[in-house]
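Note that chain A is present in both complexes that follow, paired respectively with chain B and with chain C.
Let's look at the complex of A and B:
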């Protein structure tokens, strides 16, 4: 006997739900539907922190503790902040306790550097993968003597070779860094806040994490232990929007100055390609709307079933 | 998607990489239909590749430059200079690292398994030692910042209704959730019942928000893979 429609609606085969989800995600891709992006204070705070950097403030440490498993969220977060740092001339160092993060982050840096005329060794350095039994122990060993802990960059160049790595000229301890931007799928920022902030209060801390970890990090923002955070793909999309506005102005200025064509082309390509998260959020929004629709339909069917059962009971008693 | 793009899957290295990535992605996603052998094979393939890559990176980027090369260099120095060498400390550090690392493998021995427990205890002691300052450094400022004014002022100096409401909601949530977790006092007492119920309700709201964030995170991962399949593998032109 076929079940009534309101029961079938509550027990839709999950494979059909997946098909609807794929259709919802694909819709913005093929129709170029784009939802507007509004910048939240948390993302704006990270952007402003990079904007406030002045020469002499020291480099930014990008802790790329992420891998392919969280590329959807951490990848755009890394790409957009790296592009911003290269654009503003903020030097940065890449490090990680996993082996994938530095590879992807330095790939983003290599991609974006030609657009801004930046060089490896002068504008950024890749410390590479640092193994350790415990994240806190790595931070504890890194903070007081960066050169002794890291020793060489990922290519094997000693950090004391200031001809090849001029970025390391005035860097000895964590105090010589301007900001630590920790990106990861887990709450690695907790160790930085607990260990680094009490000893080096002037070093800013910011976090780019998956949406799952964001609720745990909001209290750190509230207590001003963390200057800002990028929440998942949404945070990356907001940062990309801020960056895109800036890069378009810069492109117009460079065209007026008749900058070299290869630099213009590289910048145009960067503006065009650094929009993964912005388009991803359109697809995300479509998926969320579908989920809301299913929740409403499922609940209406459930309420109708309960009402129907109550009416049937009353009819039987009568 | 052009014919040239499809031919490129089999004739160029980049194309073959894209094809492999797409096949692996679709094989894993085949689990959504039902459990199958293709999914199991690719799952094990991923685990093997991840483990092997991790081992290679560990050896090439950590063990070799940080342990083996300094140890070998210290040994050569000692062999050449004997007791006059200054490399004894480097050599001792390298040997200590080898000893502590080797002690871990005694976990496989029933008779000498206690040896592994020594190095495990060292590890746990170090982690516990670091946990204390980390906890105080993390939680201390949050406890201080929890005391918020119920009448908050905005940037202009006047009373800010939005900030005041936010602070009141914050304090009420904090208090009621703490009351909920005081299990030494019965929650049936009239003085506690209302607060505990409100605390539980607010906890459920929080868990709902966290679950929503989890959904968003999972969608993001799927969207990235979907973008790879459509834009990179199939070669559909990107809108950006």
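Let's look at the complex of A and C:
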């Protein structure tokens, strides 16, 4: 006997759900649908922290503890902050405890540097990855003596060679850094808050995490231990929007100043291509809407089934 | 005797870190040097631990392959991959200190490493984690049922956060006053309600971690080396 419609509506085959999800995610790809983003205070706080940097404040440490698994969220979070640092002339160092993060981050820096006339060694350095039994122990060993712990950059250049790596001239301990921007799929920021903040309170901490792990960091923001937070791909899209507004003004100014064409082309390419998260948010919007729709449909059918059962019981008792 | 020695070493090592944390020394003094040497030593011990782990894995799969147990071809695939990954990784280390993602040029070992990493491993890893989206969609549809008012409250909060997180939520309500906009509600839920709950969880976890750490440090923990006859 065929089940009633309200029971079938609660048990739609999961393959049909998957097909709908594929269609929903693909739709914005072909229609180029875009929606305006809303910049949250936590993303604005990270952006403002980079904007407040002044020469003499020290470099930013980008801890790229992510890989292909969380590239969708952490990749754009890294790319957009790297572009912002290069644009403002904020020097940064790349490090990680996994091998993929520094490779991707360095690639983003290589892509964006020509647009701003930046050079490796002067404006950024790649420490590579440092393996260890425990993330906290790597940080604990890194903080008091950066040069002794890292020794060489990813290309094998000693950090003490200040001719090739002038960025390392005034860097000895974590205190010489302006900010640590920890990006990852796990809450690595907890280790930074626990180990680095008590000893080096002036070093700012910020976090770029997946949407699943980001909720755990809100108490740390409330206590001012973490200055800001990028929540998943949405946070990256918000940051990209802030970046894009500034980059477009800069492009107009450079055109007026008749800057070299290769620099103009590099900046135009960066504005065009560094929009992964904004593009991805259209698809994520469609996926969220679909999941909400399915949940509502399932619950409406469930509530109707309960109501029918209650009415049938009353009818039998009568 | 051996158990006592292990307890003593554990206690002494922990004592260095605890004393140095609450009484940080000046750079270069004996406490600072001891702490750094200790941390370097743990990194070395950790590397040995990695080696032990690798030996266990390779040994287990090699035995399975040698005896042709059920699923031996999975073990063969694992061992071939391990040999290829480690061999190529070590061999190409001197060729180019920086591997760029998606770059397949260079000598054949480097090309092989690039194909294996950027062409095979990364897309596979990304695909596996992308499958989570389908599982979440299917599980949310099947499991989220409003059976009582608490479930209804949770559902409402989930819908507000899900819509507020994406630009569609902003597009639906951006013309409303600020207090009526979905992203503003979402930020309030995450910062205030979620923040409070997470803070409570953090307190509980921290207290538990302190208790467990104290037990380990003082050798009060059962199991491992503390009860077996050595």
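Assume the second predicted complex is superposed on the first by the 318 of 318 C-alpha atoms of A that agree within 3 Å, B and C clash if a C-alpha of one lies under 4 Å from a C-alpha of the other, contacts with A are read in each partner's own complex, and residues count from 1 in each chain.
The working rule: contacts are C-beta pairs under 8 Å (C-beta built on N, C-alpha and C of every residue); 3 or more make two chains touch, one makes a residue touch a chain.
Since we're looking at a predicted model, the values are computed, not measured.
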Which superposed partner A:156 touches (first chain B, second chain C, both, neither): both
Chain B versus chain C as contact partner of A:298, first or second or both or neither: second
Touched partner set for A:126, first chain B, second chain C, both or neither: second
Touching partner for A:18 - first (chain B), second (chain C), both, neither: both
First, second, both or neither for A:272, with chain B first and chain C second: first
Contacts of A:280 with chain B and chain C, given as first, second, both or neither: first
Partner chain in contact with A:107 - chain B first, chain C second, else both or neither: second
Contacts of A:219 with chain B and chain C, given as first, second, both or neither: both
Partner chain(s) touched by A:137 [first = chain B, second = chain C, both, neither]: both
Intersection of the chain A residues that touch chain B with those that touch chain C: 14, 18, 21, 69-72, 131, 133-134, 137, 140, 154, 156, 211, 215, 219, 222, 231-232, 234, 284, 287-288, 291
Sites on chain C touched by chain A in the complex: 24, 27, 32, 35-36, 39-40, 42-43, 45-47, 49-50, 97-101, 121-123, 125-126, 128-130, 133-134, 136-138, 140-142, 144-146, 155, 159, 162-163, 165-171, 174, 181, 183, 187, 190-191, 194-196, 198-199, 201-202
Chain B to chain A touching residues, read off their complex: 32-33, 53-54, 57-58, 61-62, 65-66, 123, 126-127, 130-131, 133-138, 141-142, 144-145, 206, 209-210, 213-217, 219-227, 230, 236, 238-240
Contact set on chain A toward chain C in their complex: 10-12, 14, 17-18, 21, 34-38, 40-42, 67-72, 100, 103-104, 106-107, 110, 126, 131-134, 137-138, 140-141, 144-145, 154-156, 173, 199, 211, 215-216, 218-219, 221-222, 231-232, 234, 237, 281-282, 284-292, 294-295, 298-299, 302-303
Parts of chain A lying in touch with chain B, wherever the complex brings them together: 14-15, 18, 21-22, 25-26, 29, 32, 69-73, 75, 99, 128-131, 133-134, 136-137, 140, 151-152, 154, 156, 190-191, 193-195, 197-198, 210-212, 214-215, 219-220, 222-225, 231-234, 272-273, 275-276, 278-280, 283-284, 287-288, 291
